[in-house]
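Notes for the one structure printed next.
Order as written gives the chain letters A, B, C, D, E and F; numbering starts at 1 within each chain.
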Amino acid sequence: MGKLINDGIRVDGRRADELRPYRLEVGVLKNADGSAYIELGKNKIIVAVYGPKEVHPKHLSLPDRCIIRCRYHMSPFSTDVRKTPAPSRREIEISKVIREALEPAILVGEYPRTAIDIFLEVLQSDGGSRCAGITAASLALADAGISMYDLVAACAAGKVDGTIVLDLSDVEDKEGEADMPVAVMPNLGVITLLQLDGILTHEEFKRGLDLALEGCRRLHEAQRKALMERYFKTAPNQEVE
Amino acid sequence: MGKLINDGIRVDGRRADELRPYRLEVGVLKNADGSAYIELGKNKIIVAVYGPKEVHPKHLSLPDRCIIRCRYHMSPFSTDVRKTPAPSRREIEISKVIREALEPAILVGEYPRTAIDIFLEVLQSDGGSRCAGITAASLALADAGISMYDLVAACAAGKVDGTIVLDLSDVEDKEGEADMPVAVMPNLGVITLLQLDGILTHEEFKRGLDLALEGCRRLHEAQRKALMERYFKTAPNQEVE
Amino acid sequence: MGKLINDGIRVDGRRADELRPYRLEVGVLKNADGSAYIELGKNKIIVAVYGPKEVHPKHLSLPDRCIIRCRYHMSPFSTDVRKTPAPSRREIEISKVIREALEPAILVGEYPRTAIDIFLEVLQSDGGSRCAGITAASLALADAGISMYDLVAACAAGKVDGTIVLDLSDVEDKEGEADMPVAVMPNLGVITLLQLDGILTHEEFKRGLDLALEGCRRLHEAQRKALMERYFKTAPNQEVE
Amino acid sequence: MAAAKKSFVMEHLRKAHMIELLAKGKRLDGRALLDYRPIDIKCNVIQKANGSAQVSLGNTQVIAGVKIEVGPPFPDTPDKGLLVVNAEILPLASPYAEPGPPDEEAIELSRVVDRGVRESGMIDLSKLVLTPGQKVRAVFVDVSVLNVDGNLIDATSYAVVSALMTTKMPELEVSENLQIKEKPNTIPLPVSNIPVSVTFARIGESLIIDPDSEEESVMDARITLTTVDDGHLCAGQKGLAGGLTYEQIMFAAETAKIKGQEIREIIKKVVGSIG
Amino acid sequence: MAAAKKSFVMEHLRKAHMIELLAKGKRLDGRALLDYRPIDIKCNVIQKANGSAQVSLGNTQVIAGVKIEVGPPFPDTPDKGLLVVNAEILPLASPYAEPGPPDEEAIELSRVVDRGVRESGMIDLSKLVLTPGQKVRAVFVDVSVLNVDGNLIDATSYAVVSALMTTKMPELEVSENLQIKEKPNTIPLPVSNIPVSVTFARIGESLIIDPDSEEESVMDARITLTTVDDGHLCAGQKGLAGGLTYEQIMFAAETAKIKGQEIREIIKKVVGSIG
Amino acid sequence: MAAAKKSFVMEHLRKAHMIELLAKGKRLDGRALLDYRPIDIKCNVIQKANGSAQVSLGNTQVIAGVKIEVGPPFPDTPDKGLLVVNAEILPLASPYAEPGPPDEEAIELSRVVDRGVRESGMIDLSKLVLTPGQKVRAVFVDVSVLNVDGNLIDATSYAVVSALMTTKMPELEVSENLQIKEKPNTIPLPVSNIPVSVTFARIGESLIIDPDSEEESVMDARITLTTVDDGHLCAGQKGLAGGLTYEQIMFAAETAKIKGQEIREIIKKVVGSIG
């Protein structure tokens, strides 16, 4: 296994603080109330939002707010080795953390006794699929007209060959030292997702978090452009860094 | 693998247009609202009908008609190799096509907000079990007193060793070229089941369909006799061709 | 496989009519409405009772009495070979017989339209875990303040190396000739559990039943002391025979 | 669900009436307390199975099929063949049966019948080993309940025993290199014993045998006792949320021996007629 | 659930209106009775798959991915590779789709498309054997339905066929000691035929092709007929709780041949452009 | 279900009261914001397990058991043993827990604790290989939650770590022909590090440590940070539908180091007393 960083350049040619190429698109599915699509590196993820809608059975609804339901799912052909369609424990946990990353942005009190469903389908997976999924899901929520305090943008930082890097690819995630996915509402400075797998000193933790937040800010800008493109047709619909 | 037809005679001694020996009986189970039993070749299938009855939960009911539910199930000992009791994908699909073959005959509007359950249990399986099941289920529905436009009779045709034949046995189904199950309401000329597995020219398709419909007509006659036997005790209760 | 009884002494040093060492404790869990803990030989079982409580969905409730629900479950580390957490057919059957052993003692008519849940968790298993579980569960019901005709005490007898013995251990259960778990309401003389696995003559059956009932009487005494200890702090909280 | 819809008044009336009758030694269908309903056993009803039997006990109807396969033994019993008994109460058998995995009633039914067969030593499982620790015969007995009218345990038990007694399986030969070859002839299972279960219901203070559905709907407790050829007991199971006295259990044990012998003769006769 | 909430009055009105239109040979979206909606096929959309295709049929959108693995054959076909087609109607595809295991609609969809491919002989499964009875290639075709707007069967079928035709898999070499080694080059699947399904809906007395969701909501019956390169039929499936006349079936069979050939050309063109 | 029945007025009042108290640096049970409840750890409580520990954190009670088996490695890590952490919130542990497969809360609990152990490198999995690619040790750590009163993650984490540190397993010998033989003596797991999780709750603007159930019922967000022996961070998980500021996270990271060291000493002392 070769080194992952040579002369400051990563195996896919990026510098430490560079995002992978990405593409965001809003309004890609006809039936959904809101939808979005993201490509980030090899990730290809489509997200649909349905709701606010009635809750069945009714006793699961809440009188003063809506409930948010979220399903992150990988298509069987999305991975290197075929994945069975039934949801794995990993997918169940990621569904939960994605929901909890998005919910702080939603004005849940505006939709009492209803539910909002967020469905993420990973058509092709790469490192950072949960972050890419959050970034796209927030766009789908906006496309559905759900009231939000801010968009949520997500991006990981991590440690690879001793260097703190932004937006880990699959191989960097698997063979690197640490991975730290982060989501944030950039305008409010509120961090809504933080996970860490792997060892970081406190100094590295701080630098990683700073770098991840910088990546989120760039993706947030791209989210705004994708919405403008969808609703005002004034910006190009593809943003490749 | 030997030839399946020699001098016009099939491995079980039948001619191309002959049905296997069969036996139909109505009213074989005490608890069911209606029931019937069929033997066709080695097939042994028992059918019970329960209903019309209340639907739980209620929101699954329809205000202007009854819903029809159908379960085709094979006992573990019914097959050459033991079958696990849990329903297979094949059983789920066959349950659906059987339901859709029977439903056109039922005056569903007469039973608003109710359900009719049709349970088929294959005690021993042979080729053509779905057709035999439909033929028996239609009798069970009649035995339950359900209003129907016509009885539904079902029978397959197919292609074996280049010949279009009626009512394929297990070995003919597996080693033959094509199998085409058909169900019909003979008095109305409405075809309610048609499936095809295997290659037929358009000419062969037409001849197969004609032959299958002829088989259905013969089984329809047997159905009528079985009902007479049950309700008027004037006909013999066994019809072996 | 060596002999299981030598000179009247069993492999763990007991005489034929001796119980294994035991310990009973009431009120061991904070959240439960009632709870108890038993050690008997290597068995370590904790029991919680919740209820009487509302039934969901309501149509499962009964207008003139409460329903009793019972779950006997083994922790994965409780057995010699790790057990998967999903309930086995054995656990489902034992849950049923435990419920039916306890229910005759409960004044179910005092709690119309409610449910009482009894959860038994086997933290470490040995022979006779269902009997030990019943003995503890009856204490947990008392601790929850459920009205009962009598406590239920349970104990097995069996046949090992040709001898009728009390309270079989794991190895005696597996390698012995017969095992007969029994539960009884000692004050009323009503037997609420009886199972038999293995061959006994009618004479042996009678002697086994007599011996099991004697064991139950001793455990009943221990149950009373454990309750006294819990509620009146006058007796020692451990009874080791 | 059904329970919640019952008329409780009617139920109590029916029970009171039945107890009154039973006190006079009578049952609604005219039987004496310790009478079985008519028993009908047909063997070899499923040709694709290695053995099979259809049993009617009054209106209760069940069918059992035996399939013999070859596979690895359980790790903890390398020197024994497998025996698996599984019963399903089919949704066609009753308005209350539902499709889906077996519920606790069906699981108890399977396990009680399984234990009766297993603990009796009816089948000598050690004779089903082909290559120790590697390949053994596995005996699957599946039971489909077709019509429910009480006492499923006994009907299932008799069907399982009758199917096992009439099972034929190909003789197998193990070659020197441990290959398993099927021989043209068939052989029976190594059967040494006929376990017979007898099920009692307690209604009020009366013990009756072979309860039908109506009797089961008001019974307080149930007990099944299984005996082997020489009359000894080999399996037991008390059921339901009521208890039994010591005397009732002792009476049941004695009666199970006598009635079990009667039914054993019926099974023997049917099976013997098959050859 | 949705069904119970429908306005039945509105449904009957809509159906009456549609039947009137169809009698004049017109459809709500302006198509003629035997017109397909615009078909768009893109191949190689998933790089991690061995083959893939995304198909739009009007607003119906599906994506198919092929994964090739090596494993044991089924015991009863030791001399054939495996082909498994599995379709899921994702919850994001429609307000009525729900998370969970495939329901009967998705299972029928999978099985109908599977049979079309299998019975056509499209893939020569005997060429996927590596070591007979031991190791074969297993071809998994998974389909995710992304947006539901009617006629899932044809959209799924075209996606599966297109993905299979553009599949590349590593060449494998079986050494003398039966070890399997991957070679650096890739090869296509042994494809010999393009099965094309054509699905008809009967609404009242009219037969139309490629129904959208609105048409499906009022259709009486559905029939899918699949043809192979030379126009012969290889698979069929009638669906829904209505029937068809003999004449309607014969008309559908003839039309499936003509329309199938048109669509076969579209698929060939897309696949050919991939090389 | 429970949620829908809550009195929302009461909930808001309780939360307001708690925020007021917290602003003064006080908690309902008298603890300071960064105080743990009393921690009690007992090891070797389950003799049938290779290792075990029962942990109380206030009224939260969990028990962990370790079972060591021998089996094949995962295909993608042929040179590593297996570690599987699985936690169940038993129905006896709370009025809100239900029987059934683990829900998302229990799955998150399992996976967060698993990652803490795994990412810390606590167990050197490469030392659990017996025959590379063929046989490795599999370490199953199962946790049963017995009473729920908040902060299940830390209680579970300490139980898992304590059980692993006191695990004994038979020494195994691999013979030349790759047979695995059990030796009479036992050895410990190859433990090199003690990961310690520290869980914070944010309620209003206050960060507290080790929330109990009452505090959890009103908390806005949760964050767990796990440190290794030298104070570095090895795992983290933010939970719940609220966010945290940058400063709150940095404060939590520093505090996790300090508190983690205190708890590491407690665990070491208990484990050391076992020898």
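One rule holds in what follows: a residue touches a chain if its C-beta (ideal position, glycine included) is under 8 Å from a C-beta of that chain, and two chains touch if they have at least 3 such contacts.
If you're wondering where the values come from, they're calculated on a predicted model, not measured in any experiment.
K.L.:
Following contacts chain by chain, what is the lowest number of steps it takes to reach subunit C starting at subunit B?
P.N.:
The least step count works out to 2.
K.L.:
Chains touching subunit B and subunit D alike, please list them.
P.N.:
none
K.L.:
What shortest step count links subunit C and subunit E in the network of chain contacts?
P.N.:
Between subunit C and subunit E, the shortest chain-hopping route counts 3.
K.L.:
Please identify the chain with the largest separation between its CA centroid and the CA centroid of subunit E.
P.N.:
Between subunit E and the rest, the longest centre separation is with C.
K.L.:
Find the chain most remote from subunit B, comparing centres computed as mean CA coordinates.
P.N.:
F
K.L.:
If contact pairs are compared by residue number, which of C-D, A-F or C-F agrees with B-D in over half of them?
P.N.:
C-F
K.L.:
I'd like the Å distance between the centres of subunit A and subunit D, where a centre is the mean of that chain's Cα atoms.
P.N.:
58
K.L.:
I'd like to verify one number: the distance from the centre of subunit A to the centre of subunit B, where each centre is the average of its C-alpha atoms, in whole angstrom.
P.N.:
52
K.L.:
How many angstrom lie between the centres of subunit A and subunit E, each centre taken as the mean Cα position?
P.N.:
32
K.L.:
Pull out every residue in subunit A that's touching 2 or more other chains.
P.N.:
Expected reply: 59.
K.L.:
Give the residues of subunit F touching no fewer than two other chains, as numbers and ranges.
P.N.:
Touching at least two other chains: 1.
K.L.:
For the protein chains shown, what form does their contact graph take: line, ring, star, complete or other?
P.N.:
ring
K.L.:
If contacts are counted as defined earlier, which sequence of chains do you get going round the ring from subunit A via subunit F?
P.N.:
Following the touches around from subunit A to subunit F and onward: A, F, C, D, B, E.
K.L.:
Quick check: in the complex, which residue numbers of subunit B touch subunit E?
P.N.:
So the residues of subunit B touching subunit E come out as 59-64, 68, 89-90, 92-93, 95-97, 99-100, 103-104, 178, 180, 184-185, 188-202, 205-206, 209, 213.
K.L.:
Which subunit B residues qualify as touching subunit D in the complex?
P.N.:
It comes out as residues 29-32, 35, 42, 44, 46-48, 50, 53, 56, 71, 73, 75-82, 85-86, 117, 119, 121, 123-125.
K.L.:
Which part of subunit E faces subunit A closely enough to touch in the complex?
P.N.:
That would be residues 1, 45-49, 52, 59, 61, 63-67, 69, 86, 88, 90-95, 99, 101, 140, 142, 144, 146-149 of subunit E.
K.L.:
In their shared complex, at which residues does subunit E touch subunit B?
P.N.:
Going by the criterion above, the answer is residues 1, 3-4, 8, 104, 107-108, 110-111, 115, 119-121, 223, 225, 228, 231-246, 249-250, 253-254, 257.
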